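Step one of this worksheet: look at the structure below.
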Amino acid sequence: MNDNTLKSIPKNLVPENYLTLANDARVERDKQIKLLLEQRKLPASGWREPMIEHCISELALLDSNNFPTRCGMGEREGRIVCDLVRRRHYNFSHGIGRSGNLTDAQPKAAGSTIMANLTNSLVRDWIRTIGIPSCGHAIVVPLATGMTVMLTLRAIHASRPAARYVLWSRVDQQSCFKSIIAAGLTPIAIDSLLASEINGNGEQPQDANPTFATDLAAFAKHINQLGADAICCVLSTTSCFAPRSSDDVIELGKLCKAHSIPHVVNNAYGLQSSYYCHQLNQAARTGRVDAFIQSTDKNLLVPVGGAIVAGSSADTVDAVARLYPGRASGTQHLDVLMTLLSLGRNGYSDLLKERKEAYAVLLEGLANLAKAHNERVLPCRNPISIAMSLVTFETTTCRLEMIGSMLQKRGVSGCRVVSTTDSKTIDSSTFQAWGSHSSKASVPYLTASASLGIKSHEVANFLAKLDEVLRKYRTKYMGNGK
Amino acid sequence: MNDNTLKSIPKNLVPENYLTLANDARVERDKQIKLLLEQRKLPASGWREPMIEHCISELALLDSNNFPTRCGMGEREGRIVCDLVRRRHYNFSHGIGRSGNLTDAQPKAAGSTIMANLTNSLVRDWIRTIGIPSCGHAIVVPLATGMTVMLTLRAIHASRPAARYVLWSRVDQQSCFKSIIAAGLTPIAIDSLLASEINGNGEQPQDANPTFATDLAAFAKHINQLGADAICCVLSTTSCFAPRSSDDVIELGKLCKAHSIPHVVNNAYGLQSSYYCHQLNQAARTGRVDAFIQSTDKNLLVPVGGAIVAGSSADTVDAVARLYPGRASGTQHLDVLMTLLSLGRNGYSDLLKERKEAYAVLLEGLANLAKAHNERVLPCRNPISIAMSLVTFETTTCRLEMIGSMLQKRGVSGCRVVSTTDSKTIDSSTFQAWGSHSSKASVPYLTASASLGIKSHEVANFLAKLDEVLRKYRTKYMGNGK
Amino acid sequence: MNDNTLKSIPKNLVPENYLTLANDARVERDKQIKLLLEQRKLPASGWREPMIEHCISELALLDSNNFPTRCGMGEREGRIVCDLVRRRHYNFSHGIGRSGNLTDAQPKAAGSTIMANLTNSLVRDWIRTIGIPSCGHAIVVPLATGMTVMLTLRAIHASRPAARYVLWSRVDQQSCFKSIIAAGLTPIAIDSLLASEINGNGEQPQDANPTFATDLAAFAKHINQLGADAICCVLSTTSCFAPRSSDDVIELGKLCKAHSIPHVVNNAYGLQSSYYCHQLNQAARTGRVDAFIQSTDKNLLVPVGGAIVAGSSADTVDAVARLYPGRASGTQHLDVLMTLLSLGRNGYSDLLKERKEAYAVLLEGLANLAKAHNERVLPCRNPISIAMSLVTFETTTCRLEMIGSMLQKRGVSGCRVVSTTDSKTIDSSTFQAWGSHSSKASVPYLTASASLGIKSHEVANFLAKLDEVLRKYRTKYMGNGK
Amino acid sequence: MNDNTLKSIPKNLVPENYLTLANDARVERDKQIKLLLEQRKLPASGWREPMIEHCISELALLDSNNFPTRCGMGEREGRIVCDLVRRRHYNFSHGIGRSGNLTDAQPKAAGSTIMANLTNSLVRDWIRTIGIPSCGHAIVVPLATGMTVMLTLRAIHASRPAARYVLWSRVDQQSCFKSIIAAGLTPIAIDSLLASEINGNGEQPQDANPTFATDLAAFAKHINQLGADAICCVLSTTSCFAPRSSDDVIELGKLCKAHSIPHVVNNAYGLQSSYYCHQLNQAARTGRVDAFIQSTDKNLLVPVGGAIVAGSSADTVDAVARLYPGRASGTQHLDVLMTLLSLGRNGYSDLLKERKEAYAVLLEGLANLAKAHNERVLPCRNPISIAMSLVTFETTTCRLEMIGSMLQKRGVSGCRVVSTTDSKTIDSSTFQAWGSHSSKASVPYLTASASLGIKSHEVANFLAKLDEVLRKYRTKYMGNGK
């Protein structure tokens, strides 16, 4: 419907003055859509559902599969045979990109093209507003984070074909390591320093497992030994489970810049923390960050399936877009677009604030609980995940992991118990104390996170259940309730 | 989105030539919507879902509850608190009409107003195209058929306050009779003539229960006895269960015209038959039909809940609209609008054709089955429902109704068994042989209908199951399998 | 899916222990649904959308139109031809009730039957919990409030066929008056007393238009004159626009009880006020209330189209259900059911609290504004609507209604300006000072309501705009900005 | 709802006998779901929408994010913040697989796990029933076809780390070539033989560009030169644009088997042709096919975004699943599952039949049109795409591509015009006569496909428009209308 349509509505359908008020509203809505397309900036306030669906629907109708008359003589005409499927995709069918490039326009799908490019623009704007103003380019890719890291490594490798190694600061998430292997490159895992080693001076003798720190010296050593040209890139990590802290991406960035080695940061769920955002921004400003990669699900609360590749310059981001062979799913873009429009800048701010408050409550609650059970919260600089020691719960009669099972049965999900006694072999590499991020770790612990979207009642619920479980565990498996 | 929006889409979002093709499609779509609003005629071809939803959504956004900014200080502001409810109503909330009139425009709801008026216009156009070109006015009312008859009687009574009686050609559907009672009027039930009585000449002596015919003489007699002014209206019926046939609405129409008595036709599901449509059109042309009333569910295959009041002149239709006190649900209009747009003239034609074919198959199948079981199809002029006698199944050990139950258990619904031995009292009136439409009926039978939307496999399925049930009934309750 | 289905899921589809946790959740969900069906009480906490849809979907699948195999040989088989329509009705198609009764079970539609009866039960429970514990019966009817009043009057009239009059305490909403006319009865409009008349003693000489009070003496006088048997019922009103207050339903209830006259209360949007609920409960306890009628849209924030008939005894409520001729739309029940389940008792409490707070803010804001403009808030006992005088704005150059238009142009809806100078004729009855509820009213005013679902920012927004409009009006039409 | 729930429904909600019939239907539905989960075979008849949604919804409710009570303390808890997004994913949020494996079960998401594994099983069953009974394993991967080829190449390379080359039978679709490059491998493009070269005997001297044939000798030569160990795999293609034919996958399969070289077939949209299915089946039986890869969008008419990796043995299929680093989108599985359930075996058969008929009509129509314009249909064995020569349309005043633009403007999409005069460079490899699949091609032509889902009216429409365009082109750009 446009201005002409409304003007032509006969007066016997509706009186003119009633329509005038309605038209004012329509004009206002069109103006907002126009503004969005022109400026491609996240609106301050979120849009309401009818408006989002209206806008999405208008875009979809620009795709050829939705043209009133269509005559499709190609091998892919965007036909959808199952109505349920058609509806859940809002009549979008052609996906995004072309064989040459994830961000290329599709002749048959002007609407999908706009939808995807608009989403990428809004994502960039969003990243800039939440603490990384240096972000110059960002694209959504319809791949899991690990797969995206793999694709990014391959894109970088394409311009450094002689390089074979990836210097990787160890973090015990299987997909990080696997993404290097899957890329056909050779990972060199570098353990973090534990704080007592750093200080060396006995300042924290009581701490067997304190703050982790990136072993910058080891990185430098490997660069010297292998030669910068043999190194495809440095792969560092921000967000991770406590007690591991974020890598020192600022210093790693400087090191990479000094040796002209690409620097990729796995920022998996780091956009929900202003601390990580700040670190990344500084790293890019003062050193080198070729690309930072994060999942859409954890940072934007959409279903699993997408990642964001971002960077200050376009080089690596574009290289990743150009490497993806073939057209790709547009689902992740659509999820992100609808989510960003529904939240607006303010809605996302509220989520961040809520998370920060939940973190504070969780930290205080765990500290109290730890004290009551003669344990402690392990010191680390991790704004999302918290680790509480389980030293006094070690026993020969039962594995500590039972604590995790007991929590799970009570509806608590996502709480990890790490006994530091296991090792794991992935593709012929063996990791000691798997799960604890360091082969030197020795203190058993459990972790809990205050991640985006958490509700305060969940934290309260968790603290109560954990207390109950720890008491029960002592009684049942250790013969006392203390 | 309008022409300006598209023009302002930056070239880096999508190349101009891709957008041009898309815009052609958009312009074409807008043109179709404009045409619909201007001409208010049913499109020849049905629209596809995305286009229907797009159009509906545009209309809903013209209602004040969907305005981007709104400040509602009245007692009814169209707020919907449950999202599931909001979505299923496509963001429509204000209903239709105003306290004064079902067809009045609402200042707060220009979109709902257009939606309702457009629906009424399309319904009128549809009725005209399927066989009643004399139809000048039609409105959808959000009431069941019976309640609509009641409202129509009250509207007519308002202009004939002295009249107390409704002359009603008996048809055994409770809600018809109840609608007269509920209107506070006095029904005078007039039995149909059975064919053997008409002929008198023994042409069909073997037929104890042949074709029904409207007892025109009895109507004339009552008019003379009571006086035309005492009679609120004549209420006749077209579509009904066999072996009853349609009333002779043409002759009744002439009678009413002659005596200046309003004539209301209960055309419950008669729009699906070209025969009934033709009768109605003739009755209006040559005699008098103040209003004919039909359900939306049976004639348009929407959920139960609405009816259509139509007539050649506006008098009675408008009087009904003006009588409804208060705003009403817009749901029935929306269902009808979406259905009509999705079918188009051609889609409805196809449905009619399919039904007619199914009727022929059913008639032939029942005739064969009847022959095989020493029964017969009862002669009558009923283009939808067919009755097969059950004379040889009468037994003292079991009620014939068991046949109905046995069918139901096998998934057959809607098949009625009438034993003609029951009587029923409604509001102090007693009807002999209730269910058979005549106190003189004596032949037991079962009915089956080929009504709109029936699938040929249902007919085949039914015939097989009926055969099976009849055989089983004989074996089980009559001691033989014959 | 049931216990057996899950037990039979092969282990290679999913490990058993993962399924066990999921099954615990399923069992918990089934338990809640079972509890709902057994107790038919509103849950304390609202259900989440997936659970509501799951429950609704299960019910719909119990209807024959959704049976995997079906063979429909009747004239109404619940077929839906347009998929969009089918989906918005959650596959429900058969409506509710049967020709005999709105609350009767349907053989073909066990699911719809449960859905409707469950809704009625929950509505009764909800009414009891929010302040009318004496409510013994309640049903949702798919009719607007006015039409429901009409149907109720007809149901009462059926048991008092000789009665012709309805004693009606005047309230200037057209549909109330029209519902009496449409029922074929004769309204006797009784003006309210204005406070200065009550007192007589000059206590409020400055008040030309103070609190309204039900003129009980006039009611008594009419009963004596006409005789109780000639009076079909008394029709009183609770919720209405200020400055009219609620009728004194307690005293009217006593009067009706004393004379054995039915008492119907139009409680249009009164369930959102604890004051009205309390009055109604008292009236039923100490006097007589045969039925109180309210809209679903205003009290439950669903789309327009339904009403609730409630009463302490079943008599009138059942009579209304039995009078409705034919099957009816199930849409209103479904909207109410989904809304009640999504809110729960607590959710509705929150809405009530929010409304009460908004009312307080509005009252204070209007009082301040009135003072600033040399006007006053008209005294009355109305917990929803507030009236502010416009005495100093009267001028010969412009009608006061212009203030309403100016507000509307600024996005304010529902604010009424009453100049008390108009009269209106409905069906040959003429009302002086139409809109002001009393022929003796003389103070012009505007009204604003804090009704259910209002947001505090709407109130603030309104107060700012009203101030702006009043200033502009003075400048533009009165030549000064004072 | 389960058996207990229904048993506990109070009799005053619905009569027992009505519920019994409904329960029979429910039991039948549960039985079908149980059967599906137990046997994991595509049902013969498609399911209706309500049943599909019911089943999907039940599965989703088994995921922890939908548990009535949940307490999520991990970093990914499947929260969805935007309701629109939640709904379109049917409440699924956790994606599929785990960091280790695309087909691994997720502890938090039993429902997603079942959904994904069930889909994979149904896909395998479907592939077996449509002509490749030798298919032993199949998985859906949420990646475009090209990206899936890339991942498959990397998975194969992992077990042949010394191999560098991919022998690739040239086909001019950019993403095929790019997938090899993206995998970090070196493509060796082998041109097809054109038929005149094969015959050599001048049998088709008039044919400058006849049937393509795989240059088996060239493949053998390269294997000998490079050594089998240096070759990662042979990559062949079935479905492609005419006039290229399918590669001789049977002979290539034998060659690969003989030299123990993996054989990957790009079967992009080949499952819609029984001929390609048969070739693949034979190739696997008599030779070697490690994996054949096809898109979900073209073969199952779902939106772009997924591919299927299948093979007779599990080796390569599992290796691909294990290589994907991280959890992946479940959207493609869900689309495929809903589509397969809605079609059933019969529904897919109907689609295949419809396509075959449309192909016959298109072939005949193009042959006639070609004759009328002094052109010919280029001979080739391609059951989907047809090429018609454009020799007599070559002119110096206009590029042949204008014919494509003219068609596009008339709503025809997917029709390609190839002038054989262009060359293209991708990642430093240059291809002569790009678009024509062979550097020796010289006849210009246009292609049109009869692909799955095409409607007969589209073919008729296309033929008419093509005729019109060709005539207009001659008149406008060649100065004659002949």
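Read from first to last, the chains carry the letters A, B, C and D; within each, the first residue is number 1.
In this text, a contact is a pair of C-beta atoms (placed from the backbone, for glycine too) under 8 Å apart; a residue touches a chain by one contact, two chains touch by 3 or more.
This is a predicted model, so every value here is computed, not measured.
Count the touching C-beta pairs: is A-C or A-D ahead?
A-D
What is the chain whose Cα centre is as far as it gets from that of chain A?
B
Rounded to the nearest whole Å, what is the centre-to-centre distance of chain A and chain D, using the mean of the C-alpha atoms as each centre?
Taking the mean C-alpha position of each chain, the two centres sit 31 Å apart.
Could you grab the centroid distance between chain A and chain C? Build each centroid from C-alpha atoms only and quote it in angstrom.
48
When the C-alpha atoms of chain C and chain D are each averaged to a single point, how far apart are the two points in Å?
Here chain C and chain D have centroids separated by 57 Å.
For chain D, jot down the residues that touch at least 2 other chains.
Each of 21, 49, 53, 64, 67, 69, 83, 107, 408 in chain D touches at least two other chains.
Quick one: which bits of chain C touch chain B in the complex? Just the residue numbers, please.
Going by the criterion above, the answer is residues 49, 52-53, 64, 67, 69-85, 88-90, 92-95, 99-100, 107-108, 142-147, 149-151, 154, 157-158, 173-176, 178-179, 181-184, 239, 241, 268-269, 295, 297-298, 300-306, 323-332, 335, 338-339, 342-343, 351, 384-385, 408, 410-416, 448-449, 451-454, 458, 461-462, 465.
Under the definition above, what is the set of chain A residues touching chain B in their complex?
1-5, 8-10, 12-15, 18-19, 21-23, 25-26, 28-30, 32-34, 37-38, 40, 48-51, 53-55, 57-58, 60-64, 66-69, 83, 86-87, 91, 105-107, 110-111, 113-114, 117-118
Can you list the chain D residues touching chain B in their complex?
21, 83, 408-409
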